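After this come two complexes, each holding chain A, first together with chain B and then together with chain C.
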Partner chain A sequence: MKNIKLILVFIFLCFLNINQSLANEKNLIFKITKNLRCLVCQGQSVHDSDSEFANSLKIVVQKKIDEGMSENEIYEFLKIKFGDWILYDPGLNKKTYILWLLPILLFLIGGAIIIKFFKINKIK
Partner chain B sequence: MPSLIGSYSLLFGLGCSFLIIFFSIKNFKNSNLFDSKILSFSLLQLLFVVISFFGLILSFVISDFSNETVFNHSHTTKPLFYKISGAWGNHEGSLLLWLLVLTLFISIFLLNTKNQLKDYRILTLLFQQVIIIGFFIFIIKTSNPFNYIYPEPKEGLGLNPILQDPALAIHPPILYLGYVGSSIIFSSALAAMTLNWVSKEWAKHIKKWILVSWIFLTLGILLGSIWAYYELGWGGFWFWDPVENVSLMPWIALTTLFHCVLVLEKKPILTSWVIILSITTFTLSMCGTFLVRSGILNSVHTFANDPERGVFILIFLFSLIFLALFIFFFFYKPDNVKINSFFWLSKETAILVNNWFMMYFLSVILIGTIYPIFLDVISSEKISVGPPFYHKLIIPFLIPFLLAMAIGPKLNWIKSDLRNKFYLFSFLIISLILSSLIIINLKIDFLVNTILISSGFYLFFITTRDFFVHKFQNLAQNISHFGFSLFILSVLFNNIFSSEIITNLKVGETFKSKDVIIFFEKVTKKKGQNYETIIGKFNIVDSENIKQTLIPELRIYNQPNIVTSEADIKINLLSDKFMTMNLVQNQNYFNIRYQHKPFMIWIWASVSIISFGGLISLFKKKHEV
Partner chain C sequence: MKFKIIPILSILFFFIVFAIFFKALQKTSFYTPNINFEKEIPSFSAKIFKMDIEKNSEEIFIGNQFYLINVWASWCVPCREEHNFLMKLKEQKNLKIIGLNYKDKEKNASNFLRELKNPYDQILIDENGTIAIEWGAYGVPESFLIHKRKIIKKIIGPINENLYSEIEGIIQ
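Showing the complex of A and B:
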């Protein structure tokens, strides 16, 4: 137990040392561009890409933030302009019900099977 | 000349398959002893494939551009190391590597199972030969690495520079050892089903193969991530890209299978489930090859698009699944005479819970990967499924999963209670307090984070305690679970505390913020073997007044003419400093990206620890209690 306490203290001290620079407003542009697909690249986000398309889109997003648009409004704006393909987060709508709900449904079915398994066992 | 030899030995290799099948069927019917001819022919087949593979490597080494594969993927100025690794850095060569590993594994299997039932060995070999023949035909018909070009070109087209990298040179072979290892599990499961031998003994024997594939798959994925981290220049290591998902899915299935086999090793329950998982694992590996090779996926890693290949793999895959299902429904008669019942609080239940969550994670990834393709086909609407989707569906479920992972191994088989287990509860409280302190102290107001960090810590403490209390008992399991807790914690803290600066700088300019000062000292030009490079020199002073010099590079490769950005990374025990620079067109400044990434090295270390646990388990004589 003593060792664990030492480790605890050590880890805690480690964390105190980490300098954090999480200013939310500054990171909004990062957060948004990370959720956008760079349309001319292969499997990269706008944030991670240095293509001309990505760079111009970064400027557009920054402009929209400066104009006071909220995160969701910017997504909506880009969705109308470029289509759903650009958003990495497929929102819940009638096209994506299966996508979002099927895994959860499978999870519930799995749970049901396990419970049933125990009931059968009990009877025997 | 090496191409010619390679080409012919492929045909001879295929010929061996038919001889093996002929003798196997004869041996299966007639004799009680294993016919040594079969083994000889298997080894001969392996030899032919090895010759063929070396033929291809040799063609690459001597830059024989009359070979189409060499012409498309090599260049005389390429360093020797990448000439060699270029042999499997392309579609044709990588399939030849698949085949090599397939034949290698079945030979090892035959040499290694001398004490097993004769019929079981022969049947496994037969099923494996079906897969091998499929691959032979696939290679010879649709992707022959030895196609001729006449007249011989003077120079090749070169290898994509992002693939000219040590990690990526060994990534495919390691990953394939994992993928292909699952083929043995598949064949062996089919054989065991046909003979109704899905038993404790089989579980004990197949567990080794599961572990071997699992270790290689883990390391393969790790290498891929490390490569993505430093070579793609974006500072991330996992993007939930379809090609990454495709390697993660068999990993999850294998991990689930391994836990299940631990139960089967003890008593004959869950037999059908183990069989289904064995089939699933291999199917997912094959699906991986199909999805990547057919060009359906839009991804960085896709370097071959050809519908004919896709159709072939699809048909092949469906025949294998059909074969498996046919045997499952018509040959396999599980004896459900004695179902040993067990109490709800027991190790069996914990493993069931593990399976439940693993299958959920698998379904999330599977659906997330193929649903966009599906939607595109039926309604021609394109959607992207990226990191936010996976994070939303996976992260909340990780919390109970981690808790179960900590408590599960503490339970006994059949029935257990929680008396004398007070520490389980007290550790939970400690973890909660600790993570709340961290969260409050660092002002991150995110509830899920707090709970997730707590459960990560919980697993971490419980496993750490075990190292001291139980010493060597269940060591392998404990190491892997400990590694996993470390992994989750490092990824979380990495995510939360990463910071990034993107700016444009000219030589001599300085960037200042409250955390860091970046001074762009100079650029120098140098010449490498097949590229020219521009090296930037940056002096960095961080908030703790530590000075460091980072030298990111811009490489201009000659063939193909591609500019790549090479990151410079200063690795530290607690955090990495990561810097890339990029050209901006028609401007005299560079685009600089500086990232502070805490705990990167812990992510790599923890995954290594996880696979190290597997290694210990493999070499341990006594099996786990």
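Showing the complex of A and C:
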């Protein structure tokens, strides 16, 4: 009787574990496909699109995860095939440095202006 | 002097923003892939049309011959437009045309080829569109000219008179 209970607990734990890993995989697919741009229906992510291209790409992403590729490896693979345009969140490179650095630059310039303004007011 | 810094910075800021938006507006917002490149062909395996066998890319693209892989489907209207050019390219001795039948039904594909004739030396089946993605294709029709296992030209959309002449020039 005790053995049966142990087996049942073991089966339950295995079931929980499988469920958990399936949920993790689903989350990863969701995260990746949300960050991929549908190339035939501009303005939509692959996850949100129902185009032929997006549906095929969802299968490819699933396949690559099953093959053991990481999120970044999948992005790299797709970047080689379709270029940076496929990603909604492109990395920092010579084509995107303005995109990444401009907000910081604007923040610094804005900050400098505000500090200057307060200093002038203080002097007055 | 201190008061002049703010207007100067404001004007500078305005010009930077204007330049960025002006440059961005000149660019197309549609996906324009890089078509001038030389890339290795992808490694894949696919079922052969109307046969119960599967072949991998190493068995398909062999030797120093030119290959044209054409992504097509019976439901694709522009594929009908380019079909005549594919039939003309079939007559070229040093070119083999490989068809990649994209998300199609076998019966419809057979009817399409019966009606317009078959320009392909071999037809591969891409049931779920994943092989087309391995090639970097995102629609139909698309064609890739291959030499020595390298993609030397990528054609997006149907082959027309100009592209036909260009392919003819390359392979001769």
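Here is the rule we go by: the second predicted complex is superposed on the first by the 100 of 124 C-alpha atoms of A that agree within 3 Å, B and C clash if a C-alpha of one lies under 4 Å from a C-alpha of the other, contacts with A are read in each partner's own complex, and residues count from 1 in each chain.
Throughout what follows, a contact is a pair of C-beta atoms (placed from the backbone, for glycine too) under 8 Å apart; a residue touches a chain by one contact, two chains touch by 3 or more.
Here the structure is a predicted model, which means the values were calculated and not measured.
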item	value
Partner chain(s) touched by A:81 [first = chain B, second = chain C, both, neither]	second
First (chain B), second (chain C), both or neither touched by A:44	first
Which superposed partner A:35 touches (first chain B, second chain C, both, neither)	first
Partner chain in contact with A:100 - chain B first, chain C second, else both or neither	first
Touched partner set for A:118, first chain B, second chain C, both or neither	first
Partner chain in contact with A:89 - chain B first, chain C second, else both or neither	first
Dominant contact partner of chain A by residue count, chain C or chain B	B
Contact residues common to both interfaces of chain A (with chain B and with chain C)	37, 42, 52, 83, 85, 98, 102, 106, 117, 120
Residue ranges of chain A in contact with chain C within the complex	37, 39-40, 42, 52-53, 55-57, 59-60, 63, 81-83, 85, 98, 102, 106, 109, 112-113, 116-117, 120
Chain B-touching residues of chain A, taken from the complex the two chains share	3-4, 7-8, 11-12, 14-22, 30, 34-35, 37, 42-45, 47-50, 52, 83-90, 95-96, 98-100, 102-104, 106-107, 110-111, 114, 117-118, 120-122, 124
Chain A-facing residues of chain B, complex	232, 234-236, 239, 241-243, 298-302, 339, 341-342, 344, 352-353, 356, 359-360, 363-364, 367-368, 371, 375, 379, 381-389, 393, 397, 430, 434, 437-438, 441-444, 461, 464-465, 468, 493, 496-497, 499-500, 513-515, 542-544, 565, 574-575, 582, 585, 591, 596, 598
Complex contact set, residues of chain C against chain A	2-3, 5-6, 9, 13, 20, 29-31, 33-34, 103, 128-130, 132-136, 138-139
